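Please read the structure below before turning to the comments.
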Amino acid sequence: MSALLHVEGLGKRFGGFTALQYVGLEVQPGERLGLIGPNGSGKSTLVNCICGTLRNEQGSVRFAGAAVNGLTAHQRTRLGLARSFQLPRPFGSLTLVENLRIPILYAVNSRSGHSLSGPAILTRCLELLGQVGLADKAHRLPRDLTQIEMRKLELARAMAAEPKLLIADEAMAGLSHAEVDEILALLIRLNGQGVTVIMIEHIMRAVMAFSQRLAVLVAGRKIADGDPKDVVRDPEVVRAYLGE
Amino acid sequence: MTGSLDLLVNAIISGLLLGGFYAAVSVGVAISFGMLDVVNIAHPAFILLGSYAAFIGNTVFGIDPILATIIVLPAFYLLGLLVYQVYYVAFERRDDQSLRGLSFFFGILFVAEVGLILTFGVDYRSVQAWYVSGNLNLHFIELPWRLLVPFLLGLAMVAVLQLFLSRTFLGRAIQAVAQDQQALRLMAANPTRIKRIAFGLSFATAALGGAALIIIQPVEPSIGREYIGRIFAICVLGGLGSFPGMVIAAVTLGIVENITATFFGPSWAPAVSFGVLLITLAVRPSGILGR
Amino acid sequence: MVSSVVKEEEEREGIRGLGHLAFIAALVAAAAVIFGIARLIGNSYAFFAAYVVVQYIVLGSAWNILGGYTGYVNFGITAFFAIGAYSTVVLYKLTPWLPLPAMIVVGGAMAALVGLGTGYLTLRLRGVFFSIATLALAVVVQTLITNWDFVGGARGAYVLRPKLAPLIGGDYVEYLFLVMLGLCVAVLATARAIERSALGYGFAAIRDDEAAAEASGVPTLRLKLVATALSGGFMGMAGAPLPYYVTYLDPASGFSLNYAVNAIAMPLIGGTASWVGPVIGGILVGGLQEYIRVTISSAVNVLVVGVLMVAFVILAPQGIVGLFQRKRR
């Protein structure tokens, strides 16, 4: 298996409600995968199961050739799997720099041969903040940020973990046209640096511009997976999600 | 041999009755923690307040203790509204619940206990009523009224509340808030107001629970602390958000505690509830009938 | 967590700029000065009262490592404190020749183990379950010890206080005070070292948003266990000298709720974000308590602390330290 991420037969229930039903997904190294679907279709649940925030009852997840099913979320992050949260979850009492310090201290530094020292960490944090355009607010607290700035911080924090695979969960929701373009450019640039990216979005313009491959999740099941141009013409996808 | 069996049967039966009493004191937390997610660890302090209200009504005015707490019920309800309002403004709104909210209730628990000590002293207090002593004689078994009355009171409270929650509009609104606040907002109902009312109800149950407590045993200010573990063990074991689960858990704990007390001595009772709590948290945190 | 803005400003001023060793040296110097003053006063009441205040600083600082830094509220302070105290009673009966510092280490280790055990069972769940479990733990440990005849059970245990203090001479109480001062230096140095380390950042991340911390690579369970062990261990060490201080130890006083309320109230009032808070809280509240106890009554002083705690939690959540920080900006 050369796939970076291999999800097979994933199933997740919440009490009587089946959130995910036999979901399978494969992502190749360096790929840009888009994941779309109606609200409540299980996209975030899927992310949570892949990343370890939730435990799936059925199925398996393999990442970088290793089975990660029993691993906790932090162990998976250390292996190179990172995600941004749909609703930004910054560390409220820490400055932006300190927010980025956490994944560097705990994800990056835990990998063998990788330890960054104090001043090097600060440099790296400022560099990352520069990449998302937040360098001038480096020593402010998250509560001083605007919506889009929080989203950028969220992405920057995921990037700080130096992931092999980044899952961006609705990072663009509610943003303006120009702001969507900013985030889009950021993700494409990241992919250019070698990071595999899964983008979960509702904004079709961004999804189509970004994705090399497109998967569709409806009511906990994957109903399409392939070339974006073909997927958006798939009648079942049109009926379930794109409408008319 | 039959001696042991007799002992066991008696322990089970009085444990069952004890369970009904435990349901009476726990139903308030089943509402505040189970449904509203507010960790009111000070609930036992208000139960004690109810006990002392029953005590005053009984010794000063000669009223039946249960009647005395029914009279002060509205005051407890209002107190609950007030406490929730403070909690909401200070913590829930700021989304700073965990550390400070818990410390808030711990502080209230403590202040209430010390306040009771200063007002009533540390002596044990009890009430007089025909059912505080004597047994109900059914041919095959004798049930002490002292246990039976709180048991019936507990079951009645849970039944009335369950009916209220499922049959009345307000009750169903409370259930809705417990499950999904967002949806409630979309229906233009004010979740805060509904939560406040529910919290007030939770305090009202504390008054009646207090009557039950002082009937079952003489009270003094520090016994509240023993009940925190019991009450939360019951709510967790039963499953947060489920009344029937809570009752089952209350009865189970009552029986297990009583058997332990009968065969190993009464001072081990607090260890039982802690053990139950730990085991539940370790093995099945959602409880018996939890969501 | 003191934000790096403030840290940078103060990097240039005074005490915050000190490295670890320099800080410890400063603490030791301060402790020596305090001890010297107490000796000059010569009154043994001074030693008794000062012991209590320093003990509370240790308890509050210990509590704060898990409570303020990591965001997990431990209500079972009396359990850990009493484990330390009663482990000394056991050692006093079995190995009375053991020097006090050794007993303190044992008491701390016992308490840390209990903390680890409780934590291992409850820290995977929401913080509130841990807090409730610690409440129940306090009652259970009290029950166990009340039923344990070897340590005197409900009747209590008598411990003979040596007449003379080892090392420094003078009354044994002075030695107890010195030991407690040493413990205080240790816990404050530890707290400050944590604040500035990767561990401290991990704690803060857990406190601010545990799920995000876990997703960022923080091994949350392991760190919480570390915090619980450190916190419980120091609380146990704070309790270990108690039997020699009171000479008669019974469960009612060993498990007094005052210890729990003070250990929580002092950091909350002083400020939970740094090592300074519990110190300020300990001195102010301890002093206030002593004053009220002497002028009005001991029940009222306990009531006042409870009311103050509730007031601060509602009105000034960052404590006294927070009030000063806001003025600075």
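To keep things simple, chains are lettered A, B and C as they appear, and every chain counts its residues starting from 1.
Convention: a contact is a pair of C-beta atoms (placed from the backbone, for glycine too) under 8 Å apart; a residue touches a chain by one contact, two chains touch by 3 or more.
Just so it is clear, the structure is predicted and the values come from calculations on it, not from any experiment.
The chain with its C-alpha centre at the largest distance from the centre of chain C is A. Of all chain pairs, the one linked by the most C-beta contacts is B-C. Centrality annotation: C (chain centre taken as mean Cα position, compared with the mean over all protein Cα atoms). Centres computed as Cα averages put chain A at a distance of 42 Å from chain C. Put simply, the C-alpha centre of chain B and that of chain C have 32 angstrom between them. For chain C, the set of residues that touch two or more other chains comprises 207. Put simply, chain B touches chain C in their complex at residues 39, 41, 86, 90, 96, 98-100, 102-104, 106-108, 110-111, 113-115, 117-118, 222, 225-226, 228-229, 232-233, 236, 265, 267-268, 270-271, 273-274, 277-278, 281-282, 285. Here chain A touches chain C in the complex through residues 51, 53, 72-75, 77-78, 82-83, 85, 89-95, 97-98, 101-103, 105-110, 139, 141, 157, 160-161, going by the rule given at the top. Those residues of chain C lying in contact with chain B across their complex are 67-68, 71, 73, 75, 121-122, 125, 127-129, 131-133, 135-140, 142-144, 146-147, 207, 257, 261, 264-265, 268, 272, 299-300, 302-303, 306-307, 309-310, 313-314, 317. Here chain C touches chain A in the complex through residues 1, 3-5, 8, 198, 201-202, 204-205, 207-209, 211-221, 273, going by the rule given at the top.
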